[in-house]
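Here come two complexes built around chain A, the first alongside chain B, the second alongside chain C.
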Partner chain A sequence: MKTNDVMLQTATKVVTFIILMFAVHIFFAGHYTPGGGFVGGLLTTSAIVLLMLSFDLETVKKILPFNYVTMTAVGLLLALATAAASIIFDVPFFTHAYDYFDLPLFGETSLHSAMLFDAGVYLVVVGVTMTIIQTIGEDE
Partner chain B sequence: MSFVFLIFLPLLAALFIPLLFKKVGKIHTGWFVLAVPVILFIYYASLLPTTIDGGNLVSEFQWIPSLDIAFVAYIDGLSLLFTLLITGIGALVVLYSIFYLDKHREQLHNFYVYLLMFMTAMLGIVQSDHLITLYLFWELTSISSFLLIGYWYTRDRSRFGALKSMMITVFGGLMMLGGFVLLSIMGNTYSIRELITLAPEMATHDFFIWALVLVLLGAFTKSAQFPFYIWLPDAMEAPTPVSAYLHSATMVKAGLYLVARLTPVFAISGTWMWLVAGVGLFTMFWGSFFALKQKDLKGILAFSTVSQLGLIMSLLGASAAGYHIDNIAETTFMYAGFAAIFHLINHAVFKGSLFMIAGIIDHETGTRDIRKLGGLMSLMPISFTVAMIGAFSMAGLPPFGGFLSKEMFLTAMLSLTDFDLFSMDVWGILFPVVAWLGSVFTFIYSFYFVFHTFAGKHKPKQLPKPAHEAPIGMLISPVFLAILVIVIFFIPNRVGDWLVKPAVMAIQPFLYNSPSEVDVHVSAWHGFNTELFMTLGIFAVGGLMFWTLHKWQKSYDRFPDAISLNALYDNLMFLSDDGANRFSMLYMTGFIRSYLVYMFSFVIFILLGTLYLTEAFAVDFTNLAPVGFYEIVILVALVGSTLTILVSKSRLTSIIALGAVGYSVALFFVIFRAPDLALTQLVIETISVALFLLAFYHLPQISRKEERMPFRLGNAVVAVGVGITMTLIALSSHSQKAMPSISEFYKETVYTEAGGGNIVNVILVDYRGFDTLFEIAVLGIAGIGIIAMIKLRLSKKEGQHENK
Partner chain C sequence: MSNLLLFPIIIPLFFAVILMIFPKRLKLQRIFAVIGAGVTLISAIVLLAKVDADGVQAVTLGSWPAPFGISMVSDPLSALLVVTSSIITLFVVFYSFPSIGVKREQSYYYPAVLFLMVGVNGAFTTGDIFNLFVFVEVLLMASYTLIVHGGEKPQLRESIKYLLVNIISSALFVAAVAFLYSVTGTLNMADLAVKIPQIEETGILTVIAVMFLVVFGFKAAIFPLYFWLPGSYYAPPIPILALFGALLTKVGVYAIMRTYTLFFTMNVGFTHELLGIIAILTILAGCVGALAYFDVKKIIIYNIIIAVGVILFGIAQLNQPGVDGSIFYLLHDMLIKAALFFLVGIVAVLFGTTDLRKMGGLIKTYPVLGWTYLVAAFGLAGIPPLSGFPGKLLIVQGGFEGPQFWGSIVILATSLIVLLSAVRIFIYAFWGEPVETVPLKGSVFNQMFIPTVILVAITVVFGVGAELFMPFISGAGEVLLNPSIYIDAVLKE
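This part shows the complex of A and B:
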């Protein structure tokens, strides 16, 4: 089935970036306002799914040459390491640490170890959903 | 020195074995392994002076302090004796294995890793004072034994034997764990030493008899007592060094160790004495009787091991009688405990050498079938001498160590006839009679083993390989053990003072304060008494029956195999395997829709049941939010799209309707001001519709056959049931609050404690971070599962696919 979807493709090229930017925003904003790693990951995935729908699997693979299985593993390790790191500081497993820093460009910023954990969640969500979609999609 | 860590030295060494095997392949890996038992033996031997005086050493390492679980190495006479056996025989066996296992053809790294693992486990058993860690090591021996029996895993018999030993010993191990738990409940401690001091109070406890039986089940299965012995003959599929080490010298003695160690706890009970002495003695007779049926050299030795273990077990049972006797030093009752330990040492020595000889014969002639062997005396003179010494010691002939302990065994059994508790005065006479019968058969099979292999006519044509003497390296260990057999005969009292008496003190701590109080003097000649005449009778009758063996040995084959214990085991295994298979096939249809029906029915059953049983149902319509226009519109859309899914003929329509359901729920979240949920729901819905469309491609056409009325009606009932259940629960949970909502706590602490602003997100990453961690782990597993299902699918190879 070969269809001419110029409109979809053109729109996708713009929309994908907006969704991705939004995903990043949602991910970082998560601790204070609605959002977080889980939604951020899903939004990112939906952007990639949109790409896949309007182009095709092979093209998307060329644009984003990630190994999503590795991504899942890295995410899991990151989450586990963040949780486990507290052991080194002799506090119970999963104790988070946070403080406020004066960073250039951002001004006073809160840095929270929960963000690292959330990044792990983000990677796992993107990794797993993309693994599933890719595996099923490739299986013709 | 904290010698508790030495238990783990073999395990630590095992880590380097595969590396050494790969990198230094030129040198046989066994040479590196040999260092471990040798070092340990030397170290533990240096502790001997402490235990000879009746002292003990304790070294502790906390493992799980919150559960009161620790590794406690407790060294006294008994555990040091076993430790020396494990490391000493271990060193000889490793030396022997270097010549037995070829470095080019065998998977040496596997072999030695398992062997070292076993060594740690065994040291752990005999040194642990803590019941739970004792159990841990106990099961570890079962596992390493399983791996070693199945070492040549391409053979069917090896795998069968490995599984059989595992099934039986692990069954016993689990029973034993139950016994341990009961003991710790009764005594409120895991420490064996403390349990021993509490023994008199525990004897009246309701659990006492249960703990006793369960612990004995563990000991009997491990030490191959009747009727559990059936795994031991099949375990002979292991390489011979393993049989010599695990299945004669050490692991099967773990049960004896446990019985000896716990004798002070249980000896008060008559049941203990009857069970241990009775089962032991019967096993001794049974094993020796059936040893003569065997045609395989190692089979004979296996049954002989069963029999000898029974002998030692019965002596341990008899030693319990000492607790009921005053002034034990003036009676013959004191012999049982001494004889048990003394014979245990003798058995380890002579049986080790006999197994090694059986291995040599197998190695040099290519067969272990005794019918094909014969006349090897002149071809293998050294092996013959060693075998003769070992077998004569086993038969109880002088001047070998076995003679001394056999005499004491008879003394101990005779002493039981004088015992007047537990109706022994009536039945006690059975003990010396059965012991005598067992000894006669022991005499015969010992001769059968030696003379049918080495004497008679040589049959070179039946042997796969031309027979010749073994290389010198392979002979070192058996020759050393054979010399030890003779040495023990000449210095029995030195052995007694150094090794036996300290161990006896551990078995009978209430009777003796120091090893020197154990007033037993071993002598080869002690006048004309009943024991001597019994021994002479054994030699005479045994000799006569051996002479006529060829006439009556065939009658063994008349025993039908169908009613043997082995057949029972096979049938049980078959039944459980086949039965379980049939049972699962009853409900495992292979259709997800059937499974969903099971799951949802169960959900209804459990939830409605709980609602009913706890009388939790309540309806309270106060405190309701007003229902507005938006809610009604969304609700109509929700119900409408749900119905669309049910009635639509096309799958595509169903999927789109399902998406609509999801979006409607997302809108509800928006109305109820839950932006996080709404956002997530929206994105999830989008992605899952895309996923459905992808998967849709692969789904098979639902067969029309199942679409009959009863099937659909059944589904309808389940669906309505789930709906009603959920509604009832929602109503109930709204109508009553058992405890205040946790949201207040979140509101207060989200900034102060967690440093965040968005409660939902902070719950995910902080308050309930564990949940999230496991959820993403599950996600990862699901991803791997899907890869496995799609990429590794079998039908792909066959080129068959539903949609092609």
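This part shows the complex of A and C:
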């Protein structure tokens, strides 16, 4: 039986981008308000999973040809490197640094070394959840 | 303030992550795994030298002040344990080359071993009870991977049991931590040691202390919570079994050691007597198992349980010989268990079975293997001058000086059973009519045998040169018995 999924596919094409934009927003909001790399990563994954549900695994693999295990490793490295930078400056591990900068377009922005750590978390979360979902999904 | 004590945690993590990127490159996997474990060992030895020279090292992560941030503390005990566990991991990596199989090596085996190392070293180093939970989870995650690694039928069956038991005990762990926090308002171990003596209602704290004993007892496999251990440890292949047997239960033992000397000392008459009685029951239960089976792996696995009981009995005495003995015996046991599992692994490969009744006569074809095994078995039972002896002697002395002198008698008597159970393997596998062995290439045998012999040699040095190591051991015991040293190192920076 062939299911009619035109509506699902059409909606997905729009909704995926909304979810991804929201994921980015949540990720950057993370430092001073609720959000962060973990939630952002989960939202990104949910967008990709939505794509997988409405199209199929192979198509999504063509759109996003990532090796998710490598992505996890890169995320872990990024997080570890950010935390380990404190060793070079001879301050306790995980000590973060931040300052305010005047950026064009954004105005006064606070830039934070913890954001890099969070980017690592983001990559790990996307990598791990996608690996899990792909492994289960392929087993049919 | 120094980040040095974090190196034995960060280095294996870094190498594990690197190894995740190229799982199929066999040579690179092996090289990087050895470098990772080796560099970790070097950093651990440097750390031990630093702790020995400058006293207890502490760092509070993120530059937060001490009771609020997560403290990492390296006192002589934790530094010694980190060194020992790093040695064992390095040898397990060497032993894995010929024995674990290419297929496993190419499916993230070495990253999992290094992640396990991260968790174990972290659990030994942390000075915060919630962070201890986190590191225990890290090592459990890695152990879940390893126990099911390869996906054989018994592994799948046992991993479900293992997962269930550990998830339940982890849930209890969080609950116990929450209770502790609600009563004391802190989770930093040094701060707990300051606050707990000020609380007058010791009843609720005693309950919490017993809850922690249950939680750590699941991990350490004490009576009656050891039921999951023999089955689960039996399933994975020998290198993984050696890693588990040498390190995992010891994390639970270490956690009991730390909490029951540092801050759960408000009602010693109840909690430590309970610990002493449970320790003796653990020994007895282990002895029954060690004699009951004709399976080489099972016999050594039950010896893990016996050793856990012996170590905890020393801690329960809470006097200087008892605690020193426990520390010595703990280090001895980690090394000797790894060595014994290696030896038993070689024997099992040679006969193609783990059933003692189908073995025999190996002494004629592999005499060196036989005598090495005998040395290791004597070391396990504590025959002087091998490494089991000084620790057991001190523990027994501690028992006679404490209220539980009958426990010391049990330990002395059960030493004979331990000896019997270990020598039984020697009698069945090495004496008697030769049984046909599986042909094994000389190079493969050597690759398995050389790390084993070196590890046995290390235990012999540890036993014969006990006098050399005693300053470290008594230094570690001193910190355990005088919590003020630990507290000052963390809270006064």
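Quick note on the criterion: the second predicted complex is superposed on the first by the 138 of 140 C-alpha atoms of A that agree within 3 Å, B and C clash if a C-alpha of one lies under 4 Å from a C-alpha of the other, contacts with A are read in each partner's own complex, and residues count from 1 in each chain.
The rule is short, and it goes like this: contacts are C-beta pairs under 8 Å (C-beta built on N, C-alpha and C of every residue); 3 or more make two chains touch, one makes a residue touch a chain.
Model, not experiment: these values are computed from the prediction.
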Inset, instruction - Kindly classify A:A84 by the partners it touches after superposition: chain B alone (first), chain C alone (second), both, or neither? - result: second
Inset, instruction - Check the residue A:L42 against both partner chains and state whether it touches chain B (first), chain C (second), both, or neither. - result: first
Inset, instruction - Based on the superposed arrangement, let me know which partner A:L20 touches: chain B (first), chain C (second), both, or neither? - result: neither
Legend entry - Chain touching more of chain A, residue-wise (chain B, chain C): B
Inset, instruction - Please work out whether A:V69 is in contact with chain B alone, chain C alone, both, or neither, and reply first, second, both or neither. - result: both
Inset, instruction - Look at A:H31 in the shared chain and tell me whether it touches chain B only, chain C only, both, or neither; answer first, second, both or neither. - result: first
Legend entry - Touching partner for A:P92 - first (chain B), second (chain C), both, neither: second
Inset, instruction - Check whether A:L53 is in contact with chain B, with chain C, with both or with neither, and answer first, second, both or neither. - result: first
Legend entry - Overlap of the chain B and chain C footprints on chain A, listed as residue numbers: 69, 72-73, 76, 80, 94, 96
Legend entry - Partner chain C, residues of chain A touching it in the complex: 69-70, 72-73, 76-77, 80, 84, 86-87, 90-96
Legend entry - chain A-facing residues of chain C, complex: 1, 3, 6, 10, 13-14, 17-18, 20-21, 23, 59-63, 69, 72
Legend entry - Residue numbers on chain A that touch chain B, as the complex places them: 26, 30-39, 42-43, 45-46, 49, 53, 69, 72-73, 75-76, 79-80, 83, 94, 96, 98, 110, 112, 114, 117-118, 120-121, 124-125, 127-129, 131-133, 135-137, 139
Legend entry - Residue ranges of chain B in contact with chain A within the complex: 675-676, 679-680, 683-684, 686-687, 690-691, 694-695, 698, 754-758, 760-762, 764-766, 769-770, 772-773, 776-777, 779-780, 782-784, 786-787, 790-791
